[in-house]
Amino acid sequence: MFFASDNSGPMPQAILDVLAEVNTGYTMGYGADAMMDEVRQRLRDQFEAPDAAVYLVATGTAANALALATLVEPFDTIFCSPVAHIEEDECNAPEFYTGGAKLTFAGRSDRMSPEDLKAAIESQGNRGVHGPQRGAVSITQVTEMGNVYALNALRDLCDTAKAFDLPVHLDGARFANAIAALGCTPADMTWKLGVDVAVFGGTKNGLMGVEAVVFFDPAKAWEFELRRKRGGHLFSKHRYLSAQMAGYLRDDLWRDLAQRANAKAALLHDGIKKSPDIEIVNDVTANMIFFNAPRKLHQQLHAQGAVYGVSSSISDGADEEVIRGRLVCDWSLPESEIERFVALL
Amino acid sequence: MFFASDNSGPMPQAILDVLAEVNTGYTMGYGADAMMDEVRQRLRDQFEAPDAAVYLVATGTAANALALATLVEPFDTIFCSPVAHIEEDECNAPEFYTGGAKLTFAGRSDRMSPEDLKAAIESQGNRGVHGPQRGAVSITQVTEMGNVYALNALRDLCDTAKAFDLPVHLDGARFANAIAALGCTPADMTWKLGVDVAVFGGTKNGLMGVEAVVFFDPAKAWEFELRRKRGGHLFSKHRYLSAQMAGYLRDDLWRDLAQRANAKAALLHDGIKKSPDIEIVNDVTANMIFFNAPRKLHQQLHAQGAVYGVSSSISDGADEEVIRGRLVCDWSLPESEIERFVALL
Amino acid sequence: MFFASDNSGPMPQAILDVLAEVNTGYTMGYGADAMMDEVRQRLRDQFEAPDAAVYLVATGTAANALALATLVEPFDTIFCSPVAHIEEDECNAPEFYTGGAKLTFAGRSDRMSPEDLKAAIESQGNRGVHGPQRGAVSITQVTEMGNVYALNALRDLCDTAKAFDLPVHLDGARFANAIAALGCTPADMTWKLGVDVAVFGGTKNGLMGVEAVVFFDPAKAWEFELRRKRGGHLFSKHRYLSAQMAGYLRDDLWRDLAQRANAKAALLHDGIKKSPDIEIVNDVTANMIFFNAPRKLHQQLHAQGAVYGVSSSISDGADEEVIRGRLVCDWSLPESEIERFVALL
Amino acid sequence: MFFASDNSGPMPQAILDVLAEVNTGYTMGYGADAMMDEVRQRLRDQFEAPDAAVYLVATGTAANALALATLVEPFDTIFCSPVAHIEEDECNAPEFYTGGAKLTFAGRSDRMSPEDLKAAIESQGNRGVHGPQRGAVSITQVTEMGNVYALNALRDLCDTAKAFDLPVHLDGARFANAIAALGCTPADMTWKLGVDVAVFGGTKNGLMGVEAVVFFDPAKAWEFELRRKRGGHLFSKHRYLSAQMAGYLRDDLWRDLAQRANAKAALLHDGIKKSPDIEIVNDVTANMIFFNAPRKLHQQLHAQGAVYGVSSSISDGADEEVIRGRLVCDWSLPESEIERFVALL
């Protein structure tokens, strides 16, 4: 009963197959491999963006930090949620890659409102040379709390950014899960709303470690390439990144895997939401469930073999204290495991 | 007839097999996977260094830059050859990761002499607060010109560094090829001589993209971990890095692959060294051959299908002008291709 | 009626006299001047800290950023008030000098409480390698809102920092005003409470541009010197910095100037606090007064020649809207100007 | 007999007078002072550059590093002499301010030839994304070895830079001494030749600590302002920088001081050049003399009270070993001291 993360499961056989397919002969490295041509074309097709500049890196932190460093100057600030991955889980990678830019929080939760964002932007950049300048807006979709912005909500955020002439970065570590939840196209969720750079994540949806960075305006493509190389994120044997992403895009595997993950979360949600001991705290439309429950219950679930994260110590503290749990469904999760978990409740 | 690089070939089936082996179930990410335990133990055994701190990253640039950033301060300078990979081929990654340290060249060729190194060190750090401070010594083995330092030569460089109390970094992108050429152990070539941090490369010797960074003194291990994360080089699905490295270490595959690559270079060397049109300019004991030849000859070889790098334009210039070619033998290179190439001459 | 800032007035004649005194003959540069010996001794005496390492720089931003960069690592975060000068008014200098460290806010106002600080510290550094590490605590005395921490309050903050083993930086741009308000000694307000590095400001208290950075533990003194030079903040003709600081320290001029500035603010405060149109919002014990008043009143005051800052546009908006004004008293402010201002109300 | 540096003498009374003149009343800070308007106008007039953006900072290292950071990207390299101040005497400030750019040497001496520069530029930027990109050319006039480039020589360097579309930075720490030596105008020595950004130094020519940075194209002026603030180099009480520079520019004081310094060096040169024990190694047209002499002679001169720098230990080594001395003439140097020194020989 492994619900700890979607970065802990296996890759589908189809991906292994493409790795084997590409594992022959000699190819030019550093992104000049033929399979990257396929990837580039497929991504442009998926995004309906024939001019997009498309790059692969191996981690989400690299994708975000490099994209942001290409968008902002070191004397700028980036507007984001206080629980954004770029704030909490990248060990200052954005500050490092941007050369010292700052993050400014919009609102206090995972989903920024346009009002939150407007207030945050207006709070900065009004001190002339003394304070940080307004740099970019970063939005996470699916959010770090498992919520999915509706397209209207995203559009409002993008409009707010544009009213201040700021570029928009989309942290799409769970891009596919959001697409599956919303039933829209990648274009619908990105450039049609005003997103300038999107991270199209693969690692949390079945790949070994690949994220695509998609610049809808290729003007800064070369700068991104230099920053990627300088960051040590350009792979010599790039074909193995290409292969993963090609396998992911062929036959809409990416969408299929995300639908599976989301469906499993829905199943789990259905099974537990009526439990009187549990309070679900997010809108479960993607593949994550956050819930409050007494420590005692968490202890029992863990004792029975459930593996998932909790917001504070599971062993130290009062039995009845309510603490938060996080359940994440990997594409590969057996339904039987979900049923076992539900049965425990 | 692909001699362009050893970063362009396939991985051995054994590596694919371990990827498949590890591709099941759920594991903790970020280096806490069970297979990393195997890797750690195997590397410590290979290096006869039971206390060594061992980390995996996916690129050689990341391995070098992170290791150096852990060794030096931003106001330091790093002593290296002027043709070192960290100088010529990392797009300022060392300057970036160190926060602005400098590189100072020792000598003018790929192989530093102890005298070169001593002179370089003495040329710096003697201006008090005004100039850069002495930071670290970086040695590449096999060098970027295909030469292999003898153990005595390495020892002299380490002794020189130690006389100034400087740590030594070994860029071992072709570590295995050097070991195969010298017939020594990893310990013989590293900490027994005074190397403090070694990069044990896999990517140029058959892996998809993995390099181990080995700190013989673990005092700075945690700092390295933070710098790796901050650089976006910590993999969530770390098991796939571990799997490659485990496959590489099992049954001494790493040594076997390097011996094959070196043997192929020796075969090629034997085949071409007597050609009157060619001058071999390095000591061919690893897997690279540098040679001078008239442009006309390079044109003919390329026209016949040989793929390899040249030091200036192959098409523009006088036929008789001597330019340099670089032939690199991948572990997977068919001997028939070598024979075809030799036959062309 | 100039109340806009304490960085806009003249220097006392005594400082000009020391500049003239030192303006003769040849001296070694870069801090090796004889007058710096005097400054070092006087500061150590004032701080009752015979081993302190003492340095001069020309701006408060440099003093803060260099001190913090010496205390923290690039993967750390610094705990401070959300209105700290290092957050709002240094255009990302702390992020720049630290190589990309982050700032985390304690509480929501200018004066941090120990509980705020504890909560902020506990909110960070608990994600292992993923999040920023706990770096240092930065306290501003006098705060940016004109408040002065009591010694007990400072001690509680220092104790909280020490409970987490964090060093404490004191931004003392108005150090002298705080000392004058509290009637204590520099030692009482710094190392006796647990402050590790104090900025002893001169620029806002009558000097042209000099701040002393005082490290009570000299262990990192050399690192600071290198960072200062690398930042371009080491003056060749250092004697002119020394001269300003010597003049400031001789005959307790620094204390005298601060007492004058504070007394003028008290006079101003007495004159305006009873005005029904005005609400004073800080504790006026140093040299700054923050007050709320209707826009109309601000307009009238400005029209009569009062110069001071307001929190939003003085011209655009409803007459009755309450906006905030900031009155700062320079040491040199004529009492007649204060009386004129009071009379306007 | 102080010949150690031109950063160790007093300022002229005229500068102290302007400091006193400006030391009254209240002015806006941060460069918005009225005296800066005078400075801006005077510099534009001197440079015949009505659109130039003009800024003041307090140190030469800050001026160079900020100017270069505005010109280049962190993945670039800057072409300069191996003895450039930015290489040897700024403790990695250029690497720091640029975010990790590199320096590449043109030639091996203080004066770059166009061929040297061309070769250096061509040696970089030809490895695609792998190596550093070509960023800017930095020229020092007067060079660190006391030589003055002829205008033709400067033009050739600028033309070489322009052939590669690179901007040119002029490190003019001794700008005035060069102008005095060449008898030309500031425009003749800068934008008319192709210089994009010039540092117009004051500190080595009589000021306490002020350098002007002149951007002939103001397009990047705002970026420079942000970088200056972020570096802690924006002075709140800016009028005291302005005052120094105003005093320097009024009545051509800057030129007068430089002529005096140069004339003193000429006098000194005349007095010593015929000494059989001395070999002058630079072209003495500005205010510095480099000379070779046996250690014994240096010892004797020092014992008699001469103060100047030598290239290696004056006490340890063979008497007859030839080592290099550096004599620098400050504007304020009494002729009697020169005569005393000459008499010693």
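So that you can tell them apart, the chains are marked A, B, C and D in the order they are listed, and the count of residues begins at 1 in each.
Keep this in mind: a residue touches a chain if its C-beta (ideal position, glycine included) is under 8 Å from a C-beta of that chain, and two chains touch if they have at least 3 such contacts.
Predicted model, so just to flag it, every value in this text is computed and none were measured.
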| item | value |
| --- | --- |
| Chain pair showing more contacts of the two, A-C and A-B | A-B |
| Farthest chain relative to chain D (centres taken as mean CA coordinates) | A |
| Euclidean distance of C-alpha centroids - chain B vs chain C, Å | 51 |
| Centre distance in Å when chain A and chain C are each reduced to the mean of their C-alpha atoms | 41 |
| Whole-Å gap between the CA centroids of chain A and chain B | 34 |
| Multi-chain contact residues (two or more partners), chain B | 74-75, 90-92, 96, 99-100, 129-130, 133, 226, 229-230, 234 |
| Chain contact topology (line, ring, star, complete or other) | complete |
| Residues on chain B engaged by chain A in the complex (per definition of touch) | 2, 4-5, 7-11, 16, 19-20, 23-29, 57-63, 65-66, 90-93, 96-97, 203-204, 208-209, 226, 229-237, 240, 307, 330 |
| Touch list for chain A against partner chain C, complex | 74-77, 88-92, 95-96, 98-103, 127, 129-133 |
| Of all residues in chain D, those that touch chain A in their complex | 30, 73-75, 99-100, 129-130, 133, 223, 225-230, 234 |
